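After this come two complexes, each holding chain A, first together with chain B and then together with chain C.
Our next item is the complex of A and B:
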């Protein structure tokens, strides 16, 4: 392993980028966000250690990002065992089972949050306002500048949100003011592991994720809570490998027909 | 000894659901409560047993070119009889199971045993094989149904085990358990446990991810 750019550098950078948003979430939602972050961090670390022991999978500071995402996107009246159950589900089924962070198909935080929203639909979760939305910006710029987050996904996801909103006759700027949507767009939709990896695939993936976000938000869950972005990411990241495979097969067919 | 292996083999070692991944559709659909899972298990085992014996009895008289049609006809007739019996004696269950008893016809498990075993073996061992597979299917259905009803509603066979918050108790039902994905999760975890205990069941990997060293060497 040579150089600076290995797996842990990237996860430390994502964690650093999420830090301002974590502070803003604690400021907006109060101690409940911090409590959920610490609890989720503890559970994620325990599962990483169990898999380190059982399968020799290296631990990763990505647990910090998972924990921050859960603190920011699940500020509700959950009891500790509900958070422990959901994070265990997300960390094991979403990430560790595939061989740890970097080999997973869905983001561990997305799996945990989807579990929370589906298993305990009676618990209300708040969305977060302008402050949270603004606090995401510096982290997003850092991630795009270092190339960890691809700008193609950011642009195409925003495009997807705008197009789907116009198609439904709604105003997309309302979504931009929702902290949970902006946070989810940067840290869940643009997750470098679970998003598409080919260039045309990234455009399709971003459009799909953005379009689904707007569709879910306007027609079903609303934008008061964070559900729309989590469900959109869940569906889009399941399609990401298919999108990539299609992009590669189209490119290789095109190359073959041109070069014989 | 061989007869006993025919009977016990499919229960864990060669389980139709967890090893052959057959009959998943009904395992998702009817396991929201233990009662429906039980009725479904009994119905499927009965159809499988009767179907295998009948097909095995006439196996030398079935023309090879139309054997699937004959098998399906026999299985479908048995399913209709089973469905009528359920409607006659446990009508309320029949309403809850809706279409899924009828869909036993399309359950790969039934046709699979008829085609793979009953067509080539005498009625005695066909009956044991069918019973073993039926019990293997039932075991998985009952485990999934047990977990889903207990954690989804706090009840077992409709009797309260955990008093829910709604009724003034402490138990918060996991709504997710009543949705179809939870059956997939439970099945997946069951398969994981079985294959951890019996590594012989693990399939070969179709694609190995290269380690960093191998990647650099390429």
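Our next item is the complex of A and C:
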């Protein structure tokens, strides 16, 4: 007997939530997005099967979400071997060696994309516009309503973007029109596994991710490409366990002082 | 005091029991499984084939010989089975239907020692369990608090209020007996209605509102009085309190419990009055819906499959036994070889624990067996029951209760 929140149910739901965004990305960027998705999906599945064989790790449809993320956030002139290399790095180092999705500390798509941007910086990557931004909304609502994505992270990340933008004297609404940023915010920053897991920790994590996104975007990479959100997620998710540990120790100290 | 548990989940399951009590259930056999009592090394006091009266001692704990387990019915001992390490594995008694019942001397209950001696002799002591570690309470220890659980939020559990109302005097006497056993507070945890018993000095009534696990003792203990290894808390169920009240008044044990037999596999889900350890297979057989069924002692969340009603359960759930789908041998082999999939944090999982512990870090620590971290996040007030909902919510693949038991065992051995 069991309830429904099994790992595979959740990954199917996230994949379903990402589907409209995948269609919008194919509409915006053309067949290159679809081609990258299929290639990334194939590579991710191969690595899942290898780890199923070697380490008895169950396979997961989360490969679909990884593939969609790469298709949406890497629509550039990459050659196939570059994508294969990047996704192999992301799937193995980001996910499989930790024991598969659910035990990882960074998102596989984030690791793949960071690898792509760093290793092949000369390739220009386009960012999505209004259509992509709008297509993310229904999926985001589905994920928040089902409790897979915590609303605390969504709210605090938006707050973090706004605060950091105001601090830099910029207009945060420009970011909201960037489809890549909105997609990354929902599917990368709010990944339930790699984000913080305590309630106070989630607020800090969201503020950190949002703040870094605005900082990277306004001062370094700009918002024409998707780099800002990927790097912000990478840094924020590496800090997530530390944020949790701090939140827990503050909470237990508070409880001890209250109970004498 | 009133406490609203904001976390919690409603579990939908067909076969809600009718809340009227069937007094004519016929129980031919009762049994007791050692695994329901914790790690009790048993010294058996009867032989197979012996005639026993209701209330006659059957076996006792080797390490704490004061703790005696008595027969709930009058009848013949049919089978005694001892497992490895002298643990009782099963004892079965066939009832003879006679009113042969042992009488106990209840004259010296004014003192704590007298009360303790009576409860031990009459086999009512094992109703008291102690946390941390969720073991039968040690009679030589004075707990820092006692929790009386008069609320049950598990799916298809019997409603405690009419049961207590029908035996108001026995319940009140039992509650008073609990205040005698402890120097500290006695918490009567009840549903969100007028206090069941008048509050006096150390007796505090606490009303709990909310969804399951608002009715679990682990939730109550976390909110009111956390235990430590040196300062344990005890807890007891409301029907055991009624039975103790009955014992104090009459000098005879009350082995009967009002038990819900419900679930989607029952044609007539209802409450029945049966002795402890009733044979669930015989009890449910006339009313089973067609098809293969699993008969679970306890709720659908935390119950265990078995023939007899476990000592601390007040319900049995009959669910469909799903036939295994026939699949290709390669897929089957891969599926069997797989490790269980890790759990993914969701809002539903957050709501599965009634404490304010950080749910996800605690469950992660438990599933990798990190005892120190689990202790830091707060696991000493928990038992298997408290994690059953988390297991259910995540699809039942990871038994967090088993992991918790392993962590608690490691602390218990160190002590």
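Simple rule for what comes next: the second predicted complex is superposed on the first by the 259 of 260 C-alpha atoms of A that agree within 3 Å, B and C clash if a C-alpha of one lies under 4 Å from a C-alpha of the other, contacts with A are read in each partner's own complex, and residues count from 1 in each chain.
One rule holds for everything that comes next: a residue touches a chain if its C-beta (ideal position, glycine included) is under 8 Å from a C-beta of that chain, and two chains touch if they have at least 3 such contacts.
Just so we're clear, the structure is a prediction, and the values are computed from it rather than from any experiment.
Touch criterion met: A:103 reaches chain B and chain C at once. When the two structures are aligned on the shared chain, A:56 is found in touch with chain C, with no touch to chain B.
When both complexes are overlaid on chain A, the residue A:120 reaches chain B alone and has no touch with chain C.
In the superposed model, A:181 makes contact with neither chain B nor chain C. By the touch criterion defined above, A:68 lies against neither chain B nor chain C after alignment on the C-alpha atoms of chain A. In the superposed pair of complexes, A:93 makes contact with chain B only, with no contact to chain C. Looking at the superposition, the partner that touches the larger set of chain A residues, chain B or chain C, turns out to be C. When both complexes are overlaid on chain A, the residue A:132 reaches neither chain B nor chain C. In the superposition on chain A, contact of A:208 is made with neither chain B nor chain C. Residue overlap on chain A between its contacts with chain B in one complex and with chain C in the other: 1, 99, 103. Touching chain A in their complex are the following residues of chain B: 172, 174-177, 179, 181, 185, 188, 209, 212.
Of all residues in chain A, only 1-11, 52, 56-58, 60, 99-103, 146-148, 150, 192-193, 197-198, 244, 247-248, 251-252, 259 touch chain C in the complex they form.
Contacts from chain C toward chain A in the complex involve residues 11, 226, 300, 319, 334, 337-350, 358-361, 364, 376-377, 391-397. In the complex of the two chains, the chain A residues touching chain B come out as 1, 79, 82, 89, 93, 99, 103, 115, 118-122.
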